[in-house]
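So, here come the structures, one by one.
Same chain, two partners: subunit A is paired with subunit B first, then with subunit C.
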Partner chain A sequence: MTISKPLGRQTEKLTTGTQAVAQAVKLADVDVMAAYPIRPYDGVMQAVAKLIADGELDAEYIVAESEHSQFEICKHASAVGSRVFVGSSGVGWMYAMESNAVTPSLRLPVVAMIGNRALDDPGAFGVEHNDAMAVRDLGWLLFWVEDAQECFDATLMAYRVGEDKRVFLPVGLGVDGAFITHSQTLIKIPDQETVNEFLPPYDLGERLLHPDNPISIAPQANEDWVMEIRKQTDDAAKRVKGVIREAHDDFRRLFGRGGDNPFFEEYMTEDAEYVLFGMGSLGLPAKVMVRRLRDRGEKVGFVRLKWFRPFPDEELAEVLGRFRAVGVVDRDYAYGSPQHGGVLFTDLRAALYDAERRPRVVNFIGGLGGRELTPEMMDEMAYITKRAAAGETVPTVSWIGVRE
Partner chain B sequence: MTTEAPGRALKLEPIKSIKKAPKEEYFESGHRTCQGCLSSLPMRLMAKAAGPRTIVLGTTGCMYVANTTYMSTPWVVPWMHTQLGAAGSSAIGTAAGLKSLMRKGKMKDEPINVIAFCGDGGGADMGLSAISAALTDIEYNLLIFLYDNESYANTDIQTSGQTPWGAVTTFSPPGKKHRIMQRRWKKNVPGMLAAGHPDTRYIASGTPAVPVDMMDKVRAALSAGGPTYMHVLDPCPKGWHYDPEHSTELGKLAIETGIYPLYEIKDGVLNFTGKTKQLALGRRRKPVREYLEKQGRFAHFKNQDYAYFQKKVDEMWEQWIIPCVVAFSYGGPINITTEEPKVRNNNVKRENASWIGEPGHAHEEHEGVSDMPNEPWRDDNELDEYPNALPSMGQ
Partner chain C sequence: MSSGTEANTPPVAQDSAAGRSSTEVREEAKSVEFTYRGIYQKTLAANLCKHVVMAARKRDWLGSTIQRYGDSPERNGVPAKQFAVIAPDEMRLQEHMAKYEPNELDVITVLDDTLCDGVESWAFYGRQPINLRLRRGGTLLVISNRSAEELLKVIPRKPWDWTLAILPGTPSLGGLWVYRDDGTDMRVLGAIARTRPDIFEFSAVESVVNEDEKLGEEHLAALRDGYEEVVIHEVAAGVGKEDDYEPVRLPGYKEMREGIIVEARKLGERNPDYKTSSDRTMRPVVNFDTCIKCRQCWLDCPDECFDITEEGFHPVNYDYCTGCGICAQVCPVEDCIVMVNDLEFIEEGNEDVFPMWKEDKEAYHRWREEKIANGRIEHHDYFNADTWAWSGGKQADRTS
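Then we have the complex of A and B:
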């Protein structure tokens, strides 16, 4: 069901997160897609299939026989110059991991939606971020969205940033399973003309695989050249932040939204003494909790990370240095890591190490396997963080909402 | 030569004789494969047959690792590596990418050949499901070209689903307790693919030891339209353990002994080609021993091993519903030994075919055939000396 009413040059639609991504895929005029079923991401493939069936989108739609093939198909379609869209969840994403691992080295801007899901066994459909995080060191850019609107917006951003000549890297959209993939909200959809202004055509230039440009891609390089090639990818990864800033400015100008900061969102942080920090659908209960606590006179805020790769280390150090304590909420686990903390926590601590003013950083692991993170749980996390801010002894890492 | 066939495939005429083959090479010097490698020769022949408007994808294996060193690529046509099990999906992705861009006016509309090659390990084992999927997607023009050197050669010659029964590999060394460690009969991949993918318009087997036949099959495949498959048997001096000068001879012997058949299945019609056609018409098959004896990987064979091998090959010719292609037989209601089989096998004349008539008439009698135990390789090994496992070359 869609309710449409024009809003300036934008249309409003009631969509789920996956349907919102499909709308962006359509406006991005994607050429090739490959689908394979796994919940909760696959709603997006159902939505684009319908768009194609209805003639709203002209694209090759391939039903692959596995996720490995799904991602290989899109990788190769991207190499001959077509804009591609692919996605998966949980173990499906892991099944494609070989392809995921090589795509960044090939410098192909594949865009994938990762409907975050627990890596079952044991059986679970619900959100955990470990699936997408498995590629965090491999050259994928990773964005975590907060709602359906951001699903739409981030998809366009993904193509714009990934396909930029200075970047040419794949982009993964982390979309929390169920909470975002399957929840409906009203989103604003811009018209085709404005999208075209924001998103230039995909152009691989001299790296296009075509008989008129007979190059050999990914030959056997070994120790003679692999280091240089890795360094080039590292250089590209370093250029991404600048490209994101440019794209973000254009996005705000053309579509009138996106917030001040391209990398993270600050919520009620102006005079905050301590904040919670996290990604994805956590934003909603966190903001509710912050408002409630503010009513009680607490100087608490919330910072929501959008781009997890590249990790906005300096930008975060500058902002988080203002607070006495930061409580990092991880919807993931990292067994045996430093302090046995989550992935986000470990990354953030590393990012703050050189900062002039370092807040105390504590960690909460919660909401695993799709368990809801309630405002009450957020309240508990805020309380521990507050005590950390006051210099009290608190556990560095706490698992929240676990039965004894 | 480059007119267009239906379905926007390039129409390529048969070459017919080696002297008429194009002079131009699209796979040149620069590779580092072993001397006598008959896996790199089909690359050259395939590229020559396909011509310049071609994109080649290749899976990991000797034809990647030893073939495309950075900055000395032998490929004159565009080439891209794909993952070990991804021949089918890389071909689909490439063909789908080209198709969408051409349809939407984002790229010049012209026929471009898409060929994805894979080894037996990459294609017949790991990548089988992706190849199968590719062969059902009739909207895309592509050729899956499986070069079969009968082992995971690049990783130091390990057993694959295409390694012949009994062969020594680094995963199947003969030992004091077990003479035979490789106890699986070779998977019949082109036959399986043909049986399961009736919409695929062209499936063929070939070998670079018979180059014109192989090149013409490449051309027929590329001109057929839709997804197509070729299986190519490639003698491998390192893995099969023989002097490189015998590569072509071994390729031919594989056919003459009836171990490896040459055929093409075009629009559902099977044709044996080359010497296989003559075998099908009743010409005597050479004993498999002639082929096996020339290779170090079978040096540990005893008489009963040769006999078992011969028996299995005889079965392929005498008991399969279509010799060497379709392995199962028919349970009724029609008695196929007296009536025409209901297969789209129009070109093989049954009355002349060697699989009708007295079993075993088409090959020489062999020592040890009659008293052969069921699983001779399970015997304790009585040999005092064992052929060494293949030398490690650590490619």
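Then we have the complex of A and C:
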């Protein structure tokens, strides 16, 4: 990976993932935030409130009476030209689903932090990715972050990509509860000037809802209209990858971070024979596992997906085709799906179907409800993937770390 | 246990250092735990973790802090933990961070001495020893006005030598919802610098405080006070309370009932799996002779911990009492229910004291009066107007 020298001044700060998001919200100069508390999202609600109280950010901060209203408020504020920030977790996010489901069709670039949380019952705070994944087919762009630094970086990236005129789609940031939201690490924060260079002001243009620009949004429509509306969103979704590439190049040039590939990160894959593949905070134990096994001569690597929507199918097919086997780690479940595997697994298999070189793809379901994925569990997954690479018979889907 | 060593000769970390040079040991990642009371000390623990990392940063180390997520520290008094991990470089930091909760702690800091009796953030875990994950040669730092002998009656023994550092003072419970600075964080940092300079030197944390414009002379004074006042005791292997902790065996998915169902109890029975007494810093002591049997305590107790006897009295089942003090507030008879610091009951544990009263009323009253004289608590410290209560290491006057 080549790292260029960042422009401008960067300051170091010890922050949690949610505090890092709040720092980016401040530098993005967000106009409206609507809040309703639920763990682990609520950390960002506290952090932004503190920035406003301390006079560091001038924004409307609206505490709603539910998540449903919270997301409606931001959707509407976005339509009148405000840059908005919103978020939730688990069942709170699901309660807002009526609003979430229509935001992409309205082509409003709402940015939401989804502090990933199990869908309770049972009452549980821990991470699972099923909450954010509920919008995966609806037009939301979804990015999964690895650590507090990426919380900051991806928030700026979300505004830049979502508000691009070729896109105008909402963006969800998947932030693993506890592992990222509740641990503090040192991050680098750029200055306002450099952020301004990366992120132009939010401009809806002729779609701005304003008395001087008489338009009406989302009237009743019948079958004569709906399919064309869907096709517009489909076209926009197809344009996103190009916009991400541009934004990523600018990001690296200005901030000196982000790696070579805008869509996923490859870790020690150069001569790898098999790799694990996953999203979010599992990058940390996975990398520790790869280093340990490499010391023992194993040709193992790790690929971490950043953008889950749009799914970088062609890019992944090209890279993963180099390996004999890929072990997909799902921090989610998809009951009754093909092979009873996870969501990521099923998507990746579909993406590789037309590829010239297809690795074997096996699946691991683990870390549900906030359970840790330890380096030792990663060892176990790497071992099964290695056996798959050698052509041995292994289960297509394995649950890791579940008590029998 | 050896006698307390001179405070100005900090012990060398007796790590499991066999076969390694002192430089190697010094360059290892370090983990510091802060065990605290939910809500009251949440911000205090967070402040401490942050300062450990910032002090380590002064020698170009990296660090991270972790709030143990499953604790739900938003519940008043619940034992909870935060960790600071520091390491000389990114690779070694990642090795440690890859395991969310550190397996071995170099320092465990106990922000309220009533936690020494064991911690139980979720009732089904069982009461875990305060020093469960203290590594060989590690340091347990406690804020307390009690002696090492007293504390070692509740702190379990270890199979190796370790260090008990006592920072004289009243545990600060001054952070209910809004954090109130009483200098405790500074004193604890000073004490860590004294006992474990391998974590950070005094000069490092001093310069962190100097550079923080929100902190002033009084904070520097508190930092120095902690450094000077901490008393260090070397504890030999085998000294301390018998360790009877057994890790809980959790059932597999084939054993569990489907549909997220757990066993409950019939009316009138208590659930032996949901005991909450480690949330407690103080407990009610009842005078059965002045009790008018009005049942207010029984009615208002949020944890339903009052039993009913044939005579119509209400003894406390201390296994279920969280020490909230509501019973003492609603009791209409003066001093019939009095709240007393929980560490006064090391001998009694959670035993029912009603049989003692039935058997020998005079002995019961002597016992009761002694407990009240030693440890009466009129109210939690968050009502205490004297925010810098540690001053001179003396307990603040609670009755004012």
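FYI, the second predicted complex is superposed on the first by the 396 of 404 C-alpha atoms of A that agree within 3 Å, B and C clash if a C-alpha of one lies under 4 Å from a C-alpha of the other, contacts with A are read in each partner's own complex, and residues count from 1 in each chain.
What we mean here is this: a contact is a pair of C-beta atoms (placed from the backbone, for glycine too) under 8 Å apart; a residue touches a chain by one contact, two chains touch by 3 or more.
Keep in mind the model is a prediction, meaning the values are calculated, not measured.
Q: In the superposition on subunit A, see if there is space for subunit B and subunit C together, and answer fit or clash.
A: On the shared subunit A, the partners fit.
Q: Applying the touch criterion given at the start, work out whether A:A350 contacts subunit B, subunit C, both or neither, answering first, second, both or neither.
A: In the superposition, A:A350 touches no partner, neither subunit B nor subunit C.
Q: Quick one: is A:G81 in contact with subunit B, with subunit C, with both, or with neither? Answer first, second, both or neither.
A: first
Q: Mind telling me which of the two, subunit B or subunit C, contacts the most residues of subunit A?
A: After superposing on chain A, more of subunit A is contacted by B.
Q: Where does A:A178 make contact in the superposed view: on subunit B (first), on subunit C (second), on both, or on neither?
A: After superposing on A, A:A178 lies in contact with subunit C but is clear of subunit B.
Q: What is the contact status of A:A390 with respect to subunit B (first) and subunit C (second): first, second, both, or neither?
A: A:A390 contacts neither subunit B nor subunit C.
Q: To the nearest 10 degrees, what angle do the lines from the C-alpha centre of subunit A to those of subunit B and subunit C enclose?
A: Computed angle, apex subunit A: 90 degrees.
Q: Looking at the overlay, what does A:N213 touch: subunit B (first), subunit C (second), both, or neither?
A: A:N213: touches subunit B, not subunit C.
Q: Contacts for A:A53 in the overlay, against subunit B (first) and subunit C (second): which applies, first, second, both or neither?
A: A:A53: touches no partner chain.
Q: Minimum Cα separation, subunit B versus subunit C, post-superposition (Å)?
A: Comparing every C-alpha of subunit B with every C-alpha of subunit C, the smallest gap is 25 Å.
Q: Where on subunit A do the contacts from subunit B and from subunit C line up?
A: none
Q: Which residues of subunit A touch subunit B in their complex?
A: So the residues of subunit A touching subunit B come out as 29, 31-32, 34, 58-60, 62, 64-66, 68-70, 72-82, 84, 98-99, 102, 201, 209-211, 213-222, 224-225.
Q: Name, in rising order, each residue of subunit A that touches subunit C in their complex.
A: 14, 40, 121-122, 125-126, 177-179, 182-186, 284-285, 287-288, 291, 370, 372, 374-375, 402-404
Q: Across the complex, what residues on subunit B touch subunit A?
A: It is residues 52-55, 57, 64-71, 73, 75-83, 85-86, 88-94, 96-101, 103-104, 106-107, 112, 129-130, 132-133, 137 of subunit B that touch subunit A.
Q: Using the touch definition from the top, list the residues of subunit C that touch subunit A in their complex.
A: Per the stated touch rule, the residues are 49-50, 53-54, 57, 62-67, 69-70, 72, 91, 94-95, 97-100, 250-254, 260.
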